[in-house]
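In the two complexes below, chain A is the common chain; its partner is chain B in one and chain C in the other.
Up next, the complex of A and B:
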């Protein structure tokens, strides 16, 4: 049973990690495409339209990869997590179906119209199709997060005698106090990723001295979007999320912040340290006293319950992984604010495109927003353990009892091989598109 | 469990078929990127729609009793999906851009 649970979780972690590489870019990029198209309508400068069409090509490749890697996820609910699907299908089936019916079709239909229909529709309608692609991709985030928000903080349901969850209040799924902060935080984090992607392509063109005009435009847009979203992802949305965790999942909060022992007169914030699970303490710790209490409750001496206050069985089962995921996310977020602030300063001084070390830094920082987004999700998912539905359904109760661990391991290896091929295909397609660059408008 | 892998293999078949067809019949090609994207959607669309006739990944795996014949039908339909969607979209594209 232990083995089955481990391999089911490992397979889901692998497939969802690979999958989330793609939607995190499409959600943020769709907003920037709408911006480029709007700017073109306003100024009639062709390079904005070229930029919108260029990034829609990258969007299309990402969207398609997202679809391919999303299909196995759908199967996994039935194959690996049949018990979870059986018990909670009445709730999560609603939001997941809405994601497919509304968001996916909205996004894919208007994506095709955006790519093929510019001449036929004219510029205003073309802008509108771009806007609907944006709407579809953000609605997709909304429905997926409303599913996850219910798992994190279950509301609006009733549990029948046979253990099945049924929906009692449909609107409660969308007014869940967990949902809005999680949605805003997630969407802004995806804007951070897309900003770095846009800015790094710009830096690449400027450094290569090819497509320089577009390079400067991408740099400028990426840096402005990146600076604003990096700040907003930390405050207020990140702060709001952390307060939600402290309120609704206090054991998770203690574990992710590394508070092993409750401090009477306020909690310190840990900057660096390694969880020592044998001695129940943080090794080599660097911490600032009372800051965590102030940030969470705006009171310097407010007591925050530590790990020692909770039953072992209610604590997340991998505290070091949770702690590191959270701290990597926060650390990277801080670096993004610093780099984007510096880039914005030089942009204001009109020198950004001449400072090569900064351009190289922006270009090579591209993988890190992806890592920050993924570790953010690891924080949410590891923090919810040992539950699938927080406080109500344990993860061990949700797996399929008839699927062997050998079967799961075999298919996991198959996924690794196929996803490597997919990853290569993705890099070739995106690399080819970037190498060709935007196509200037011909009149 | 194997069903999930089969669904990915179907999609790869659609990608290969669309690219191969685009290479052989140049008037239908959208280039490597376009053919690949269309291949994905064509195979997924056909398998989702027609798989219910008995060759969906669930039927092929059949609770551990693998059926090779159904797999071949599945792959052929995936390939057909990639090719037909390519032809369909090229025709629409040509009409829209006349």
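Up next, the complex of A and C:
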């Protein structure tokens, strides 16, 4: 039984991690494509249209990868988490089915129209199809987040005697207090990723001294979007989410902040340190007193319950992983704000394209927003443990009763091999597209 | 309300098999009959332009099944664990074959992805047929051994095969001789459907040859259909009761037979679309007849202890189903609107169309 749970969790963690590399780019990128296309409609300057079409090519490759790695996610609810599906399908089935029907269809149909239909439709309709792609991908985020919000903070249901969750109030799923902050935080974080991708391709073109006109445009757009989104991710949305965790999942809050002991006079904020689960303390800690209490409750001396306040069985089962995920996310987010602020300063002085060290930094920072997005999700998911539905259904109670660990390990190994191949092909293809660069409009 | 969702999901599934069916079929034709690079390219393109918007119907069907019949979703997806994951892998291989073949001009590169596209299409067609065979035959619900159930009555687990390969065994596997026959029917049907699609959408040099191939495959299909009807009765003895009790259901087998009969005249048909319509009837009629023969059962039990899964004992709550009705109808209409817009914009032969992914 323990084995089954372990492999089911490992397979889900692996496949969702790989999957979420793609949607986090497409959601943010679709917004920037809409911007480029809109700018073209307004200014009639061709390079904006070239940029929109170039990034739609990158979008399309990512979308395909998102589709083929996304179908296994939907299937896994049934294959590996059958008991969970049986008990909660009446609720999360609603939001997941809506995602498939509204957003996924919208996105895929209009993507094809955007790519093939520019000449056929004219520029205004072409803009509109781009806008619908954006709408579809963000709606997708909305429905997935509403599913996850219900698991983090279940509302609008009733539990029957046989353990089944049945829907009692449909609209409660979308007015869930967990949903809006999580959605905004997640969408803005995906804009951070896409901004870094756009800016780093720009930096690459400027540094290699080819297609520098596009390079400068991408740099400028990426830096402006990146600066705004990096700030909004931290404040107000990140802050809002942290307060939600403190309110609804206090055990998780203590664990992710690394607060082992309850301090009556207010808790410190931990910057660095390694959780020592044997002695129940942080090793090599650097912390600033009372800041956590202030940030969370705007009171310097507010008492925050530490890990010592909770029963072992209600605490997340992997506190170090949760703690690191959270701190990596926050640390990287802070670095992004710094780098983007610096880049924005030089952009304003019209010197950004000449400052090589900064261009190199922007170019090589591109993997890190991906890591920040993923560790953010690890924080949410590890933090919800040991529950699937917070406080109501344990993760260990959700697995498929008849699928043995040997079978799951077999499929996990298969997914690892297949996704390595897929990742390699993806890099080759995107690398080729980036190397070729945008195609200038011919009249 | 259960019946309504059953019909909706049935239609979405049938649309999925009709739409994605033609690109599976194109893959089979590509694998066996396309010889020149030009034909290979244009046939791959006839699938490559459409596969992703076709596969969203699978996602929609999966989502709706999860919402409306969660117990069935949980039972079937965990019980058919191995074949389902294999299907996922094949879907991925097929997709990368289609998306990557034209990215580089090396012949070896194209050969690899052509094989990946063709073989995965063939195996997927086979697996989908086998899946239907399993649903008709039923499974050992609750994993009963010597009269004792090891699990709750709606859970089961099937190995890929059991040493007897017999559908009448106490613990049949996913693949036995009966499900294999249904699998072959699916392969032949989709090959016909794919050939019709290639004829309809391309100017490939093998178009006239494909009409002969359809004719021959149709003879094979007729033989397989007759044979399967004989053994169907042995595997699932109650399967004709529904047609006797509700005679209007006969319309589905008639649709199937119309397609089958019509396809014998493939060489005389005036328009390419007519052939495609006939193979569409074949698929729709085949799926609808199978489902109608089981109704309201959706997964028969082969042991005496457990009741079969029906649309009633696996459905979500009444409130959930009726709320979903409101958004479901809107969504359902949108699906068809999207499909029609897309098909209209991409109407006609696709040889000249820019494959710009």
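Note that in this section the second predicted complex is superposed on the first by the 443 of 443 C-alpha atoms of A that agree within 3 Å, B and C clash if a C-alpha of one lies under 4 Å from a C-alpha of the other, contacts with A are read in each partner's own complex, and residues count from 1 in each chain.
To be clear about the criterion, a residue touches a chain if its C-beta (ideal position, glycine included) is under 8 Å from a C-beta of that chain, and two chains touch if they have at least 3 such contacts.
Just so you know, these numbers come straight off a predicted model, no measurement behind them.
Partners chain B and chain C, once the complexes are superposed on chain A, run into each other and clash. Of the two partner chains, chain C is the only one touched by A:168; chain B is not. Of the two partner chains placed by the overlay, neither chain B nor chain C lies in contact with A:230.
Of the two partner chains, both chain B and chain C are touched by A:60. With both complexes placed on chain A, chain A has more residues touched by C than by the other of chain B and chain C. When the two complexes are overlaid on their common chain A, residue A:119 makes contact with chain B while staying clear of chain C.
In the superposed model, A:290 lies in contact with neither chain B nor chain C. When both complexes are overlaid on chain A, the residue A:102 reaches chain C alone and has no touch with chain B. Legend: residue contacts after superposition of the two complexes on their common chain; A:68 is shown touching both chain B and chain C.
In the superposition on chain A, A:82 contacts chain C only, with no contact to chain B. Within the three-chain superposition, the chain C stretch that clashes with chain B turns out to be 92-100, the only such case among 2-10, 92-100 or 218-226. Across the superposed pair, chain B and chain C both touch chain A at residues 57, 60-61, 64, 67-68, 71-72, 75, 79-80, 108, 112, 116-117, 120, 403, 407, 411, 414, 418, 421, 425, 428-429, 432. Every residue of chain B that touches chain A in the complex is listed here, in rising order: 1-5, 7-9, 11-12, 15, 32-33, 36-37, 40-41, 44, 57, 89, 92-93, 96-97. Chain C makes touch with chain A in their complex at residues 49, 52-53, 55-56, 58-60, 62-64, 66-68, 70-71, 73-79, 81-82, 84-85, 88-89, 91-93, 95-96, 99-100, 103, 143, 151-152, 154-157, 316-317, 319-320, 323-324, 327-328, 331-332, 334-335, 338-339, 341-342, 345-346, 353-354, 356-357. Interface residues of chain A facing chain C in the complex, by the touch rule stated above, are 57, 60-61, 63-64, 67-72, 74-75, 77-80, 82-83, 85-94, 96-102, 104-106, 108-109, 112-113, 115-117, 120, 166-168, 170, 400-404, 407, 411, 414, 418, 421-422, 425, 428-429, 432.
Interface residues of chain A facing chain B in the complex, by the touch rule stated above, are 57, 60-61, 64, 67-68, 71-72, 75-76, 79-80, 108, 112, 116-117, 119-120, 403, 407-408, 410-411, 414-415, 418, 421, 425, 428-429, 432-433.
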